[in-house]
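Okay, so chain A shows up in both of these, paired with chain B first and chain C after.
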Partner chain A sequence: MTTHRTTAFLLSGSLFLGLALTANALSGPKIPQARGEKCVEPVEMMRRNHMEFLKHKRDATMRWGIRTEKHSLVGCIECHAAKGEDGKYIPVNDPDQACRSCHDYTAVTMDCFSCHATVPKEGAAPAGSKGDS
Partner chain B sequence: MSVLTILISLLFYASGLILIIGVANRIRIYWRTPSPLVIPTTPAPLTRTGVAARLFGEVVFFQSLFRGNKWTWILGWLFHFGMLLVLLRHLRYFTDPIWWWVDLIQWVGVYAGFAMVAGLAGLLVRRLVVERIRYISAPSDHLMLLLLLGIGLSGLMMKHLVHTDIVSVKQFTMGLITFDWQPLPADPLLIIHLLMVATLMIIFPFSKLLHAPGVFFSPTRNMRDTPREQRNLADWAAKLDETRHSGAGE
Partner chain C sequence: MSTTKRPDNRGRRRFLTAAGGVTAVATIAPGVRLIQRVLAKEDDQAVSSAVRWGMLINTNKCATGCNDCVTACNSEHGLRDTGRPDTDPQWIRKVKLVDDQTGKETSLPMMCQHCEKPPCADVCPTGASFRRTDGVVLVDKHICIGCRYCMMACPYKARSFVHETLTDQRPWSPRGKGTVEACTFCVHRVDRGQQPACVEACAGADHGALVFGNLNDPKSEISKRAKAVSSRQIRADLDLNTGVRYEGV
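Let's turn to the complex of A and B:
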């Protein structure tokens, strides 16, 4: 009797474990494919630290007057702003767009776009472009 | 799927079960324990509404502690309500789409994290510095504070110093509660944070942390002061009564 129960327990347990392991449909935010060759930092780094880069960039540019191209918000938007069916850019802080979808998913607010533009300048080339931050 | 993800996932299912079943069992025991004597600490309320108000004062404002010791009260209150707000802020990892009010209190939760850790640090200092308190402190009293402090500090560090990939973290937690496992980012602080939380969940039903459900079952706080208006007769005493009456009648 006890052995039967143990077997049943182990079987159901391993079945459950198997189910959990095979299911890998990733839920969560989906963002439009970015243009450009590659990001200015590795993806893993960007996911964790993009806010620090942007804040550092803000302080360096706004308070100390140091203007560089790396980590420029304009650069982010040039690659990550998607075009709608009408061929016009969709603002990056629209629902389900590059910035907003993840920020909505985790309830993180952005205050970048109360000042900064949410679409690239018309005619701006994505990769290696000269962003004037 | 990494070994780490599998181990942490299994750990959280186990600790979740232990927490829920363990606390439910404790509450069942509290519920069934007879309290045959009317022993509310006077002045005590005369009505049920009054008892509700008294318990509210205990649970929300720690009234007895306030009357007992102001330092312990302010530190304990900082810790408990900091922790409450931090826990509510964590609901963003367990709701999709996130409830509107959880979205609304995110910024409060960030500051509450500091309040929680400050309160805990103060309580630990009290336990170490106040001679009388140190004398009556068991190792578990210290370890409980250290565990909570570790959880708070690792959380604050992830928020303010060494970030983790919170989108992946949420995919992991949502995967846990929908039984559709997702990979956990292998960041040391995150792993430490989760391991300590699981430890806390496991020891909860076997430790002093049970004061959370226990306060509601405290006879000196949840009874009405009605010994004259109503006779409080326990079953076993009622039987004695019957025999005595029948004895007197003869």
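Let's turn to the complex of A and C:
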């Protein structure tokens, strides 16, 4: 009898845990509000293809000197890097930030930020402008 | 691509080019002309072989002990002093030459010579080292495996390997551990009609030892000067046709 009760308790416990995990998974990753009017592509398109856009743009920029802002990583970061309470930018690869939250959710490792800047440069001219950079 | 794009915009582009030229000349100290001719490349235009970027270095004007070009380069690209000079990357270094016979000392900046036939690109096993069609030699760090074969092949010792994890890189100059890097001729600036950081610093310090421009344009300041004065390529015997030339050595 005791054994049955314990088993039932454990079962209900694991069921509860399972539900909690499902609920958490369903809520999805949270991304800080981006600046700018709208993204350069529809959200669905970006979710599926942003890596292809970035890869295409990186070759165009590096090999052919095409320096438009659309699909550039610098462009993404300029809109998507959030500012903390101290008024400073939070790196986009910090937990719960634009890049990292989704990548943690999908368990995909990013290798962009061992080389690329994770915050926009304060006071620097935005990519694509003719100003001093 | 460049000839067919936006034909209706040409008048405006010419106007902007002229205006840019005027601004550049007006803001620089007398006798120093920072930009001879602003090349109007739109951001969406690809670079072309009509341009060959080059630099002419007047060692007579290059002061011994002056390090302004190196400092400007380090600051522009986020190269920091870690206190470990054996492994710290350097994109420009000052070299001192002493004539054994006369004792005459010459100081000059040495960096990637942006060869027309770059040995680094020849030996690269992955295609990461490449020459852009406008003559700038770069490393594609996305496919660089850090083998350092290019560093062995470069006769100018111009390349560095990044040994340590980096943080807080410049958005316009991605750099990372495990890849090889070198002077980029500041392509991020040049693509927008600006001068490389070292050239700007040298002109700003009133030395004017560095002239940067398009070697393919006979009207550019660099072409006129290269035609008028005697200059040479370092290790011209290797027949690499370097984009960087030196006067006074």
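Miscellaneous remarks
Convention: the second predicted complex is superposed on the first by the 96 of 133 C-alpha atoms of A that agree within 3 Å, B and C clash if a C-alpha of one lies under 4 Å from a C-alpha of the other, contacts with A are read in each partner's own complex, and residues count from 1 in each chain.
Definition applied: contacts are C-beta pairs under 8 Å (C-beta built on N, C-alpha and C of every residue); 3 or more make two chains touch, one makes a residue touch a chain.
Everything numeric here is computed off the predicted structure, so don't read it as measured data.
Of the two partner chains, chain C is the only one touched by A:Met62; chain B is not.
Residue contacts after overlaying the shared chain place A:Thr106 against chain B, while chain C stays out of touching range.
In the superposition on chain A, contact is made by A:Ile77 with chain C only, not with chain B. Looking at the shared chain after the overlay, A:Asn49 reaches chain B, while chain C stays out of its contact range. Shared-chain residue A:Cys115: touches chain C; no touch with chain B. Chain B makes touch with chain A in their complex at residues 1, 6, 9, 92-93, 96-98, 102-103, 106-107, 163-168, 170-171, 174-175, 178-182, 187.
Within the complex formed with chain B, the residues of chain A that make contact are 16-17, 19-21, 23-29, 44, 47-49, 51-52, 102, 104-109. On chain A, the positions that touch chain C within their shared complex are 58, 60, 62-69, 74, 77, 114-117, 120-121, 124, 127-128, 130, 132-133. Within the complex formed with chain A, the residues of chain C that make contact are 41, 43-47, 130, 132-134, 138, 140-142, 165-166, 168-172, 174-177, 179, 187-189, 191-194.
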